[in-house]
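These notes are about the structure you will find just below.
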Amino acid sequence: MARYIAGRIGAMILLLFLVCLFTYVIFFVLSPDPAVQICGKNCTPDRINQIRENLGLDQPFLTQFWTFLSGIFVGRTYGDGSIVCSAPCLGYSFQSSEPVWDMITARLPVSATVAVGAAVLWLLSGISAGLISALKQRTWWDRSAMVVALGGISIPNYVVALLLQYVLVVKLKLLPFPQPVKFTDSPGLWFENYLMPWLVLSFAYSSVYARLTRANVIDTMAENYVRTARAKGLANALVIRRHALRPALTPLATIFAMDFAGLLGGALITETVFGLNGVGKMAADSITKNDQPVIMAVTLLAAFLVIVGNIVVDLLYGLLDPRVRTASA
Amino acid sequence: MNRQSVQPSPVEQGSPDQQALLEVADLTVSFPTPQGISTVVADLGFTLEPGASLGIVGESGSGKSMTSLAIMGLLPPSATRTGSIKLSGTELTTLSESGMRQLRGNTMSMIFQDPLSSLNPYYTIGLQITEAYRAHHPHVSRRELRKIAVDALDRVHIPRARERIDHYPHQFSGGMRQRVMIAMALCTEPDLLIADEPTTALDVTVQAQILELIAELRAETGTGLIMITHDLAVVAQVADQVVVMQHGDCVEQGSAQAVFSAPQHPYTDALLEAVPRIDDDIEDLRQVQRPAGPSSNRTVPGGSVSTGKEPRV
Amino acid sequence: MGIPAGLETQIDSVAPGGSEEPTATAGGHRQNALRRALRSDAAVLVSAGYIVLVLLVAVFAPLLTKISGWGPLEFDQSAIDPNLGSMPKGWGGGISGNHWLGVEPGNGRDIFARIVYGARVSMTIAIAATALTTLIAVICGLLAGFYGGKIDQVISRVMDFLMAFPALIFMIAVLSALPAENRQYLLVLVIAVFGWPYLARIVRSQTISLTRREFVEAARASGASGPRIVFTEILPNLRSTLIVMTTLAVPGYIGTEAGLSFLGVGVVPPTPSWGQMIASSTHWYAVDPAYFIIPSACLFLLVLSFTVLGDRLRVIVDSGEVR
């Protein structure tokens, strides 16, 4: 087992390295001269050269890449050694000169809040809707729930976001325009702030999960072991909960791991629409402004989360499915 | 519709005026299909005395499995069931669902053909046994339940029962799994055990063991048995009475001895003829001939009527 | 955007029909069964109808705008009111006989014309992306599944790599960094590059299970070569799954293009795209909701139609009426 995990972590590191390299190359080739960018207006050639030196932009590509890579683990220094960036060093933003690592850690809680809140909502609503639909197939509940779910997966996130904002904020004036609020400052306002992003995200995911749950439960209810459970005279609720639902949810758990991992990397569009100061919005902003260190860091973070999510999925399978967990006799 | 019924001979397990364990009369099961109403069991009737054994024989699609599901009340919701089914005098067809649930797994139990798919892979067999017991004896302690599960496995001769309680179905071999199913079915000491092709998915040698086991346990507990099978050899070994089904009809019934030695119906005859004998010429391998004439019964949607060449044990 | 992983897996869950024995020959008779099944299904008819409508609109865009009188790039200052902050005059964002769907606030461009040309963009990209993605996915999936071994290893690693990429971020970054010409080709390319692994995964697992079936062994035994087996035995049996999968994947491509355009890295203005129109409308939706609703509705209905069509196809295929 330990060997397996070691192998997976090894593969993960390799993958991350490749993503890193690939991204670095692309931006190295495509990005306009960072020195010019940082310098901004009123620039002099001298200043540009100095910046280039400080950032090591005059070095050959491989050296630059190596410096970047090692910087993540051991930190690096800029210029004459006066600027020390301690590990993990992801550089400094071209726009704001902030340490990128700090920018990420500052914004990660926001994205995490969005992800967790939405996840709770969509798991509860999606799974229960799907379960009820499966148990009451072809009734009006089933049909309407599935129609709603169909709409939910077809409508773009940003349309829902804007619609919701229009209805709740502009027309009904139930909620204020989203603004950054710390939970410690005002729980009520904090909740109101996150409510719409939560609703928007969970609507889409909930639809997916409802459809999936419905399909899976319908499948498991048709299994022979459910028939056995009924033949034993078990109460209906117990049959459903223990023998139909549990096997149906196992594939969902693995899908959820991937979805959640992806969401932690920042719900780019939702954060942008609602003006939330999370990793996603930072990514969107940095791209339009060509802020290379930030783009790199965000890409790495997202890839890291996805790869970890993959490993979690593997482990989950082992945990949840006894057939995988133990060798057969 | 050809039907010839021989008077079922009384089985000497109880006094003649003892109440029958199971009385089935005019049982009809039908399904709606795109092509119309399909009748899978038509006017079936038989009586089973306490502790006796009945074999229901037929090819795939003859309606024998549907009969067992009808008795247990486990038919799919789209099915229509009419007739009378009395278990020790209680009319099952008018019983509420909760009433049926009290009987299922308690007074009458069922085991199925494929033990692998019939056991939930996500739970230990210990749990699956104890939940059967607990459903009908809710106030039993955990320790007691565990003991019951261990005892159940012991009774079906699974070694190292205490350890194997915590194993999962995929960790058992096919024959062992069927033993587990039997243990699960019998742990509540039911009056009636319905076995739907319990040995079909197993090796021949394991088949014999399972049949022996069932016989042994029946001798201990006096449980009645309905054995559903397409294998005449199994019926011969196990059943006191036989019901032969074809296309949903009962074409012959009676004591096993009578039916096998002097079959009255051409179909039964054909079934027996189809069993290859070791001293036959190879050219004599026969298929079961369809009796000529229209049949108003249709086969079960999706079921296939196979030509049976039952292997002789 | 960010297609939830669950959606991919929904595509995954199209069962390979493992219980049915695939026949060794492609049947024209199967085609007819499919057509029959489709013709009787109301949902299929309506969604296919809408798709065809959008397609026709896209194809005949120039003709339609000639009839309606306004091109997508023309400004009509008379339709907007400078005193009201350039709001369109009239009800519904300026709907009138002159401008069938009203005008854009701020610049007075005819919305009908822009929708019609936006349909072009959506459909072109959808079709091109689908074609390219499916081509790559089928080739790689077949190779990996049929030959196994090293080929499979390499292809699977590449798939893992691409699936680990935060696609949206990457797409945005690449698109915004590159010059604006040929943006449409680039869009198709990035969508295909990041989209094919999800389809290939399914093709691969189906190919693996099909390769193990007896009829492939029989074909091999009778001396058929690898590629021949792939074309005559395996590909026909993949056909229905492919149809379902690609139909269900199209909404993703359309949504991706729209999402990228919404973020400003899609088709370059002033070329209209529904996503970009929605983005522009966000400033105005409080006062001119029509400008928001019209492109949103068109987009939503198109995605919905493909999803419904894909769903129905999947049900028909799974139920075994058609192989």
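In this document, chain identifiers A, B and C correspond to the written order of the chains, with residue numbering beginning at 1 in each.
One rule holds in what follows: a residue touches a chain if its C-beta (ideal position, glycine included) is under 8 Å from a C-beta of that chain, and two chains touch if they have at least 3 such contacts.
The shown structure was predicted, so the numbers you read here are calculated from the model rather than taken from an experiment.
Considering the contact criterion stated above, no chain is in touch with chain A and with chain C alike. Summed over C-beta pairs in contact, the chain pair with the top total is A-C. Each chain gets a centre from the mean of its Cα atoms; for chain A and chain C, those two points are 24 Å apart.
Between the CA-based centres of chain B and chain C the separation comes to 53 Å, rounded to the whole angstrom. Shown for chain B are the residues in touch with two or more other chains, of which there are none. For chain C, no residue reaches two or more other chains under the stated contact definition.
Only residues 72, 74, 101-106, 109-110, 112, 114, 117-123, 131-132, 135-136, 167-168, 170-173, 181, 184 of chain B touch chain A when the two sit together in their complex. The residues of chain A lying in touch with chain B in their complex are 223-225, 227-236, 238, 242-243, 246-247, 250, 320-323, 326, 328-329. Across the complex, chain A is touched by residues 1-2, 4-7, 9-10, 13, 160-161, 163-166, 168-170, 172-174, 176-178, 251, 255, 258-259, 262-265, 275, 278-279, 282, 285-286, 289, 292, 296, 299-300, 303-304, 307-308, 311 of chain C. Chain A makes touch with chain C in their complex at residues 15, 18-19, 23, 26-27, 30-31, 150-151, 153-159, 162-163, 166, 170, 204-205, 208-209, 211-212, 215, 251, 255, 258-259, 262-263, 265, 267-269, 272-273, 283-284, 287-288, 290, 295, 298-299, 302-303, 306-307, 310.
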